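Each chain gets a letter, A, B and C, in the order it is written, and its residues are counted from 1.
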Amino acid sequence: MPNGTIAAHEEHHGHHHPALQHHFQDLDQQHEAATLGMWLFLVTEVMFFGGLILAYTLYRIWYPTAWALGSEELNIYLGGFNTIVLIGSSLTMALAVRSAQTGAQRATVGWLLFTIALGLTFLVVKFFEYKEKFELHHVPGPNFQFEGPQSPHVQIFFSLYFALTGVHALHMIIGVGLMSTLTFMAYRKRFTPEWYTPVELGGLYWHFVDIVWIFLFPLLYLVDRSHHII
Amino acid sequence: MFSGFSLFPTQASTLAPEVDNLYLGIVAITAFFAVVVVIFVVYFAIKYRDDTGEKVGAPITGSMPLELGWSLIPFFISIGIFVWASVVFFHIVRAPDQTLDIYSTGKRWMWRFQHIDGQREINELHVPVGRPVRVVFTSEDVLHDLFIPAFRVKADAVPGRYSAIWFEPTQVGQYHIFCAEYCGTRHSGMIGTVYVMEQADYQAWLSGGGGLTGGTMLQQGEALFTQLACVTCHLPDGTGRGPSLVGVFGSTVTLDNGSTVTADESYLRESILTSQAKTVKGFEHIMPTFQGLINEDGVAALIEYIKSMQAGGNRVASAQ
Amino acid sequence: METTVVESPVNYINHKHTVASWLLTYDHKRIGILYLIVVSTAFFLGGIFAALIRLELTTPAGDLLSADVYNRMFTMHGVTMVFFVLVPAVPAVLGNFAMPLMIGAKDVAFPKLNLMSWYIFTIGFLFTVTSMILGGVDTGWTFYTPYSSQGSESNVLITGIGVFITGFSSILTGLNFMVTIHRMRAPGMTWFRLPLFIWALYATSLVMVLGTPVIAITLLMLVFERGLHLGIFDPRLGGDPVLFQHLFWFYSHPAVYIMILPPMGVISEVIACFSRKNVFGYSFVAFSSLAIAVFGFLVWAHHLFVAGISPYSALIFSFLSFAVAIPSAVKTFNWTATLYKGAIWWKTPMMFVFGFLGLFLIGGLTGLFLASLGLDIHLTDTYFVVAHFHYIMVGGAIMGYFAGLHFWWPKMTGRMYNDTMGKMAALLIFVGFNLTFGPQFILGYLGMPRRYHVYPPEFQVLNVLSSAGASILAVGYVLPLFYFLYSLKFGEKAGANPWKATGLEWTTQSPPLAENFPATPIVTEGAYAYSKREMKVA
């Protein structure tokens, strides 16, 4: 048969799943497309944070002293607490995906709510950290204050601190929004073991945001602490 | 409109013929390939023209030997050009040992030049023919780029660090200086002239005292060294609170984090202006920063003075 | 043999008529047309800036525009042409329209995201236009710090935000295309049966997905640096202005490949169709696109040879820059070989291909001059660079875009344009282009720096030639506007396959149905199976 001949392709679905969009052949194709799309999106996110982390790395090599000074200003206990909160939220997220997969509607809603609560906890703690920096005039800009000759370089540290954690926090806020939508959809019983793609993709996103924090915490909070902690 | 019109720039430095040969060499190679491809395209387009649209072409899908040939041959030719161009590049970036050093600062929208003997000029640069000259320069505000087409040299002026170009003029005359890195409104007005002079004329110009103020750079540097109290810590015998600066220029310095740097003009400049950036091993981190306390001319004078502190007395000043 | 296509009177253009049905459409074909409108607007806007620049440069003195206005003109010319014409032209206009048709899909994988990308693009464009109305921006399209962060008093913030927003349109389009090409191909459409345009779009999408986020974050840093004065790029506060250049070119060099790879794909399509045979060395052409996309990420610092990078890293970047030239050369040789023993049909799209071959050849070969370290020192930041990248991005990319537009216009609109007029436009553009940018190579070697509002009088002759060429070029670019618009109403009906081409997009009616194909096509052979047709072999 020559190329381009239009052959009637058997329409093998008597009735379509309500979630199937018309331009896909079947749910599998739709699911694979959505998953691949999410992974590609995460690749762009890696590049996005990568640019900032590159700047961070260069300046850390150039100004190690300022980096140590800046890092010591950060509250390692709050940062550590937030790290644990986020790791916990990854677990609850994974359980939410598992519940959706097995068709446990109520459990899905529950674990999603739990995840949202942990995400909000993170944001609240972050808010108090920012507030403290603001009061100490450690927010870069015209009002920045820092004692000592390293002041301009410490300002660069804080610029990157706020850029990295700010962009991360923005991702957390978007994540909480996404989770709320998913919770609503789960509550309305929209997911079945056959189709729970949104929960799975939401999970991928949430884990990614967690992983970013797992990188940010040591990069920002744990610079040159070794000789201060016995 | 046709005054001074030419298709090829003047060759006025020892580097210019090297760069031009490279240029003409690449022109020859690329023109050969361009002509070959154009001949084939035109020949095929006419020979196989068929305006009926009804015929189909021969079923040819490809040829491995051809693919390998036209990948590998250009690749090897590229390597040839790469090696040739890199040799020329290192001639351009590596200044010879004995150069006549001139300091320069770009600022919107002018070039300031400062001679060792103290002469200062704006948008004009007088140099002798037949001597390697090195211009060490920086910028006071945004990026600039010191470009002298007749010498085929160019480098960006980056605020906060030194760049350098070197050239050995071969022909007496006047040549353009351009700013080649966009720097704002009057970027195209940031131009000047290099005057390449016979040795005798140059000496006459030097002693003519054009723009001579405040003595030679060495004298200015020495005065600043005392005035800024550098002398109280940087004792020549190394017993002061700061390291001795005798013989430091060109040496390898070990820093407190264990790394080493070569003490060139950029290092000295950074150590003066942002002393906290690098601390020499074995010394306290106590030197104040002089950012904002001295201008670029002052920094250059200090560096010249430090360069002159060589073991066994002052070195022969490079200008002489 | 020709398949007869049963024409339905209803197609994607006339099945709904309201403005809302266009502005809220999820149809990739309609979104392609929406992009065409915005991109064409931007093209004419950028063209006006270019005309003013060339007019100013006919005399050495700055007599037509003030220095400040001139600087704004070349900046806005660059910003408009790069971010709103060259980057989106082929992928967003032609890619959106033709790609799903060519792989036998009903639409892209994420149609809503596709529409959103267009809105993001348009909003970014409106931001940039707003900044122009407010007085424009004068940093050069490269936004180099510290001028952009402290020196300039123009609207850097709004323009920066506009470009930042537009970046997301690129990212999402790239993502959408990659998923579509992976997951939406019709049964039987294997990777090595894909038309080469699809390979080129795939490689481009890879660059968009990997590169654009970096420029986005870089512009964000610039915006904050300018707004809050953080010191990241300010040397007085310990920052490094050259870091900006690294981050900027890490995207913007690959972006050159975003601009040139898709037109290269178009060239493969058109050259196969009008030579009526396979593209010579299909897999070499396909993989060279990927090679260019990958190597393209490793050469960014060749823009910084005079910016104070170490001579040894300059060596590496120079070598890699030579390496990236090889796949482009391979493509050119393969296209030339494709013509051998073809049955070459001299139609308008093919004329643009001939133009492309000539101009891209010069653009590519002059790239070797700039990759050569010893020569780049003299040539960089002069008109040689200006000429070189215009040969690639206008001579190459826009020529390819026009080839594609003339190739798929009958499919898009169902109408034929005037072939003679089309050929005339191609000729005018080719001649005008060479006259405009040819002299600039010589100007560059003579040492005329780019972005100069006034210049020494000895450069005038070549500048006048260049401006004269630009006026011919302008006529060549305006001409298609007239015969395209004329064809919409008075053009001859095209029929499903006016070029007697292979390719799935030609098996459905022109303009296509809203759902593309009456039924999902099944593919049984490669993209350019002309020789299997029951026709006379030339």
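Methods note: contacts are C-beta pairs under 8 Å (C-beta built on N, C-alpha and C of every residue); 3 or more make two chains touch, one makes a residue touch a chain.
Note that this is a predicted model, so its numbers are computed, not measured.
The chain pair with more C-beta contacts between its two chains, of A-B and B-C, is B-C. With centres computed as the average of Cα coordinates, no chain lies farther from subunit A than B.
Averaged C-alpha coordinates put the centre of subunit A at 34 Å from the centre of subunit C.
Subunit A and subunit B have CA centres that are 46 Å apart.
For the pair subunit B and subunit C, the distance between mean C-alpha positions equals 35 Å.
Annotation for subunit C: residues touching 2 or more other chains are 236, 238, 533. Counting only residues that touch two or more partner chains, subunit A has 62-63, 153. In subunit B, the residues that touch at least two other chains are 277.
Of all the residues in subunit C, the ones that touch subunit A in their complex are 1, 3, 105-107, 109-111, 171, 175-176, 178-180, 182-184, 187, 209-214, 216-218, 220-221, 224, 228-232, 236-240, 243, 247, 250, 502-504, 506-508, 515, 517-526, 529, 532-533. For subunit B in complex with subunit A, the residues that touch the partner chain are 257, 275-277, 285, 288-289.
Chain contact summary for the complex, subunit A toward subunit C: residues 1-9, 21-25, 29, 32-33, 36-37, 40-41, 43-45, 47-52, 54-55, 58-59, 62-63, 66, 140-142, 152-153, 155-156, 159-160, 163. By the touch criterion given at the top, residues 1-9, 18-19, 22-23, 26, 30, 33-34, 37-38, 40-41, 44-45, 48-63, 66-67, 70-71, 74-75, 78-79, 81-82, 84-93, 108, 141-143, 145, 147, 149-150, 152-156, 158-161, 163, 176, 178-189, 191, 274, 277, 291 of subunit B touch subunit C in their complex.
Of all residues in subunit C, those touching subunit B in their complex are 62, 67-68, 71, 138-140, 144, 146-147, 150-152, 235-236, 238, 241-242, 275-278, 280-284, 306-308, 311, 314-315, 318-319, 322-323, 325-326, 329-330, 332-334, 336-337, 339-347, 354, 357-358, 361-362, 365-366, 368-369, 371-378, 380-382, 442, 445-447, 449-458, 460-461, 464, 499-500, 530-531, 533, 535-538.
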